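Two complexes come next, and they have one chain in common, chain A, joined by chain B in the first and chain C in the second.
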Partner chain A sequence: MATNCIRCLARPSLPPSFLVNASSSLRIQSLPSTASMGKRYASKLNRPTTNGPRKNEKVKGQKTLRIKKKPPPKTGKPPQPGERKAMRKRIVLSNTNALEVPGMRELDKGLVGEWEMGIRDARRQAEEGHWVLEGALGMVAKEGAKEGEAKNGEGVIGQVVALQGQTVDSLRAVEAFKTTQGWGFFRRPGLLIREESVMLSRKLIQAEQGNLRLVIDGERGTGKSLLLLHAMATAFVRGWIVINIPEAQEVTNAMNDYAPLPNTNPTLFTQPTYTATLLSRINKANPILADMEISLTHSLPIPIQSNISLSRLCELGARDPDVAWPIFQAFWAELMAEGMPPVLLSLDGLSNIMRESMYLAPDTSKVHAHDLALIDHFVNYLSGKRRLENGGAVLAAASRSHAPTSKSMELVLKQLVELQKGEEEITEKDPFEKSYDDRVEWALGVGSEKATKAGPVEVLKLKGLSKKEARGLMEYWAKSGVLRKKVDEKEVAEKWALAGNGVVAEIERGALRMRI
Partner chain B sequence: MVFILGNNFLENRLLRHCLETFYGIGTKHSTRILAKFSIYPGARVGQLPTKTINEITAELSTMTIETDLRRKMRDNIQRLRDMGSYRGRRHAMGLPVRGQRTRSQILTARKLNKIERHG
Partner chain C sequence: MKVAWLPVSIREGLRCAYSPRPTVFNSPMRRCVLSTSSNQFSTSTRLRAGIAAPEIQFKEEGDGRDGEGKIFYARLLPESPSYFTAQPAFTDDLLALQDLVRKYSRLPVVKPSEAPRVAWRSLAEYRNMVGESVKASKYHKVVEVLRRLNLIHPSLIPHDVTKALNEYKRDVNPFQNVPKIIPVDEFGRACAIGRRKTSSAKVYVVEGNGEVLVNGKTLAEAFGRIHDRESAIWALKATDRIDKYNVFALTRGGGTTGQAEAVTLAVGKALLAHEPALKPALRRAGCITRDPRRVERKKPGHVKARKMPAWVKR
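And now, the complex of A and B:
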């Protein structure tokens, strides 16, 4: 029967009894060559012959399961404008569930004073010819640790020190704390003192008589932003004035208003609202400004009294974005006047300012980040074109997460690190690369003709923690009750190795954040 | 409410969106206008000083937009029609002008192609 169909392609001569019994159309379809015909038969034949209710047909009065889709429940009010952003940017610095760690040292004048003593010791010993001081303060730290007698503050390396209340307030005001950092795990904010932090603190203390221009670089999660925070904390303890740009991308990504600055060539662009916010932050973070009076005369667009405090000056600028930039300049002139404390200018996310910004010039070309007045100001000091008159430091931290690449910056930093190491072969420019930027090289103090007299910036390349530091950190976690494990040599070595030789964020991720 | 070139806009609207409501202004022109007056892309109409709004209105009034642009386009179609060209005829017939097939999918042409074309 079926074979017959294959050959002749004719209608199959199916006996009616077979078809009636065929309950599933599948069986009929399985007949070869005449599938469509079979279907036709089947559809006819599958029809129920009885007069009863058909399949899938509703019967009156029969109960069926009805699942109605409920509208989503209305839970309270929708978030107000800005509420979600506030939640997103909320910084929690304390956790009452965490244990208090007994016997924590504070980052206070005493500790910083000890680091200062360390410099004197080092200088004295350098004079005696033991070792060279310049550029090798890290060496001093190691030697000092061996001696262990001199009170040079190196005993705290590998320990977590607490931040003082006043410092915390100031750091919060300059937005030095970030949401991605694990401050919310602990009872009070603390900082791990690393070898590099002592070195940086010493450099800062020395910079009170000079100028420090430093870029902090390192792989992702090596603690660049936290080292910047450490520098700011040291500066606050030493009574400096701190001006911090917490996220460079906020300045360059065209999310704030801008305006061309008249009589500038090339045209600079001010950012009134951002400058006003910056002034407000400066005022909040530096309480010492309230005791300082204006000493110079300024020509400002608004009349000001001649004897107001610098704090008041900042307040006036913060209140009115239109006059914020002239007031910032006046404020800066005051800071550079004689007898003022040193200044720390810091910025996080360096690569964001080492390229074109997202702002457009009137001819719709992109504005280079260095043509933004605020960045121009920062870069002038970073490059060494201008000097901080009363001493101080310009610090910039590179960012390695969600940061744009700047070919020139990468290259220059690489070259400078190689120079510092004293390597014979210095990386050269890629001759086929087109995106190098002379202005970036100039900003970092290198380049052929435009190079400034001050020379290139210093680069502090951060690596992973040493095992001693990692152990100190993990012990602190254990004492805080966050890490419920015995911290011994084996545990530390394991975490240290798994974290790519002590990359601190990875240690934290492995020990605190990852719950398996 | 802010008044730009005879139109009222709510204060919380983005300026670039307001500009793009005008016939003849798209992303390119709105970007150019914003850049010309140094206004950042996230600026809302209510934030801008009256002076800037007036300047923008002045800038818009020098551009061929809205009715002027529509008239220009109609003139162009009328010119094609008057000289009896194939394109003019296709416009008048409400059929595709640029050699598309007409077996299916000529909705856009049916909608738009007229001698007195609207937009």
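And now, the complex of A and C:
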């Protein structure tokens, strides 16, 4: 951030380092004069000596009239380096002009607990089901189940719940919020609870005793990233440790430094700076790390004390990119040790890591994304090759905007969805397509040869909202004062149809952003 | 071509060339005379023939056998008694039609509203046909008689009446151009086709809950512009039927705007199959009339349809 002058609120003309020096030293009296003199001399010296004809002097034989063009008036100072990017990446999570919505539930332990109760009830019903159905009380049992559902957190489907302050801080730290999402419209960040999100939450809760490997797919604007955010929020509420790669593109598009990892075959490449920032994000997002002490011994390139907290360990890694990768590995080993909380590994923009990265190997061939150490780590867990020892989940969301095509990924996801639906004909590989990638298939747990024991990943195919959910969302907008219309069945039906059968981003575009 | 103002001698021949009833004349006498004169531009035109009595056959020219039986007129007799009226052809026509009315006055008639709708020839066409300057009020008399003849019960109408009526009917009967009624098939679908610019859309509309598929894609995928999406389901929106029907559309040709508006028209038509009473509402919403505008053609010497190259001094 740019430092401002105290009195005039203008940005300083001198670089900040100079200002710091001037204010801290006692030579305030003498400094400005010398500085200004030096500046004056410099400006005289630097002025270019022009011997040729001046700009607006009439040249002999020239017939056309030349009118002097005034340079545009300079208003303010140009933005400082990085300022524009900061503006672009700025995430606004609240709007004081928006109305506060009364009676909003929070996504807290109570709500997640209700979902957990739902799982237990479902299990119990499944156990009891076979004999209840035989009896004459089948109908009664069904009605009872319906009431139970409403109690078990499904009544909240179609409502917007607010995120707790602590969760918001953590989510912000893992960069789960994105600039394209309309957080800045509302008083406080809230999430629409859809059927899929309750389902995913329940799966996450179940995954505390096992492992969940899931890919979220869907059309553009169907809420894939927001479902990922919902999963992270649930994980934070449940006290998990969340490691998020917010934009897979940043890992693979060769904008970070990289180095080969010795003693690996095939050679893996680490990304020291990226890993360091990842560690700092992890540290910031998971405050529970401060209470956990190191339990194992590690051989690290830097000496560390044996009783430091995991938070401190991350800090050490974040400080020095050169040791970031070994420290990340040590940190991960600590997480996999016994008695640690479950871990959520998540990644947005899956197709970016399902192809060759933009990095070049020493022989100028492209490095496959799976040969990047960080991605390799992620893919090992996504494919099921390695298990999260203390339970947890590996989530990946596909992306439809500015996403590269990965033929294999598309095919595998399509096949898996067809398998889920129980269709008779499963799409087969195009025999003339050359760009299929075995490593991608393996990463999704499908590959033929080195097929993993864990089986293929689960796929959650997102579609548009149901009308009930759309109505809940629009009512929330209306209560926030953003949507100034009567929300009735007709209005909802129209917006729902115009948004391509309830694609949530399109509903938002039509209702909030395209107001004329 | 307007013949009435031409000189009489040319008029006849031209009428024969251009008239929609070139050789059919009402009076049998005229017809038999004309059949003898083959060359239309010679002196023996209809007029001449009309004025003059049949040619005199002298005994010397003929065989002399049947010469005695022929009546010999010393004076020229007009072909038709209405020769001395101002518009002999018109008078003949009117009289012939009135004869028919009198002849068949006893046949049962239908109500005027139930008679088949016929568009009679316009006054200009009739003038062109007979080659006389007939007044509008006079022609109106003819039309009135024709209407009376048209009232005769269609199953009993005599052949000669039909023949006479056909002469006065317009070549193309606009009342026969009736739009086909779109059926709703056994699956509850109504299929209709709409066009706009160079696009055409085939649309199936069924009762449903407001789902729309265009070429197998959702509305949002098919049309990026919200305006296009709105115009695609405008027929449903204007009648508050968005959540009552599902639409499956197939569009071909043209651009996105054309395709969207072709879908509008097709959905409007198909909706009419389900609810015909919506027609006025749909017409007000602009979902009935096909927009006939197309890209204007480029002309030689122009840069585009209208744009001219810049003027250069030399």
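In the analysis below, the second predicted complex is superposed on the first by the 427 of 516 C-alpha atoms of A that agree within 3 Å, B and C clash if a C-alpha of one lies under 4 Å from a C-alpha of the other, contacts with A are read in each partner's own complex, and residues count from 1 in each chain.
The rule is simple: contacts are C-beta pairs under 8 Å (C-beta built on N, C-alpha and C of every residue); 3 or more make two chains touch, one makes a residue touch a chain.
Treat the numbers as computed from the prediction; the structure is a model and nothing was measured.
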Give one of first, second, both or neither to describe whether A:333 is in contact with chain B, with chain C, with both, or with none.
neither
Once chain A of both complexes is superposed, is A:117 in touch with chain B (first), chain C (second), both, or neither?
neither
Given the touch rule stated above, what does A:219 touch, chain B (first), chain C (second), both, or neither?
second
Contact-wise, after the overlay, does A:269 reach chain B, chain C, both or neither (first, second, both, neither)?
first
Just to be sure I read the superposition right, which of the two partners does A:364 touch: chain B = first, chain C = second, or both, or neither?
first
Examine A:259 and indicate which partner it touches, taking first as chain B and second as chain C; both and neither are also allowed.
first
Check whether A:498 is in contact with chain B, with chain C, with both or with neither, and answer first, second, both or neither.
second
Looking at chain A, which partner touches more of its residues: chain C or chain B?
C
Can you list the residues on chain B that touch chain A in the complex?
31-32, 34-43, 47
Give the list of chain C residues in touch with chain A in this complex.
209-212, 218-222, 226, 229-230, 233, 236-237, 240, 242-243
Footprint of chain C on chain A - complex, ascending
219-221, 464, 467, 489-490, 493-494, 496-501, 503, 506, 509-510, 514
Touching chain B in the complex: which residues of chain A?
254-260, 269, 359-364
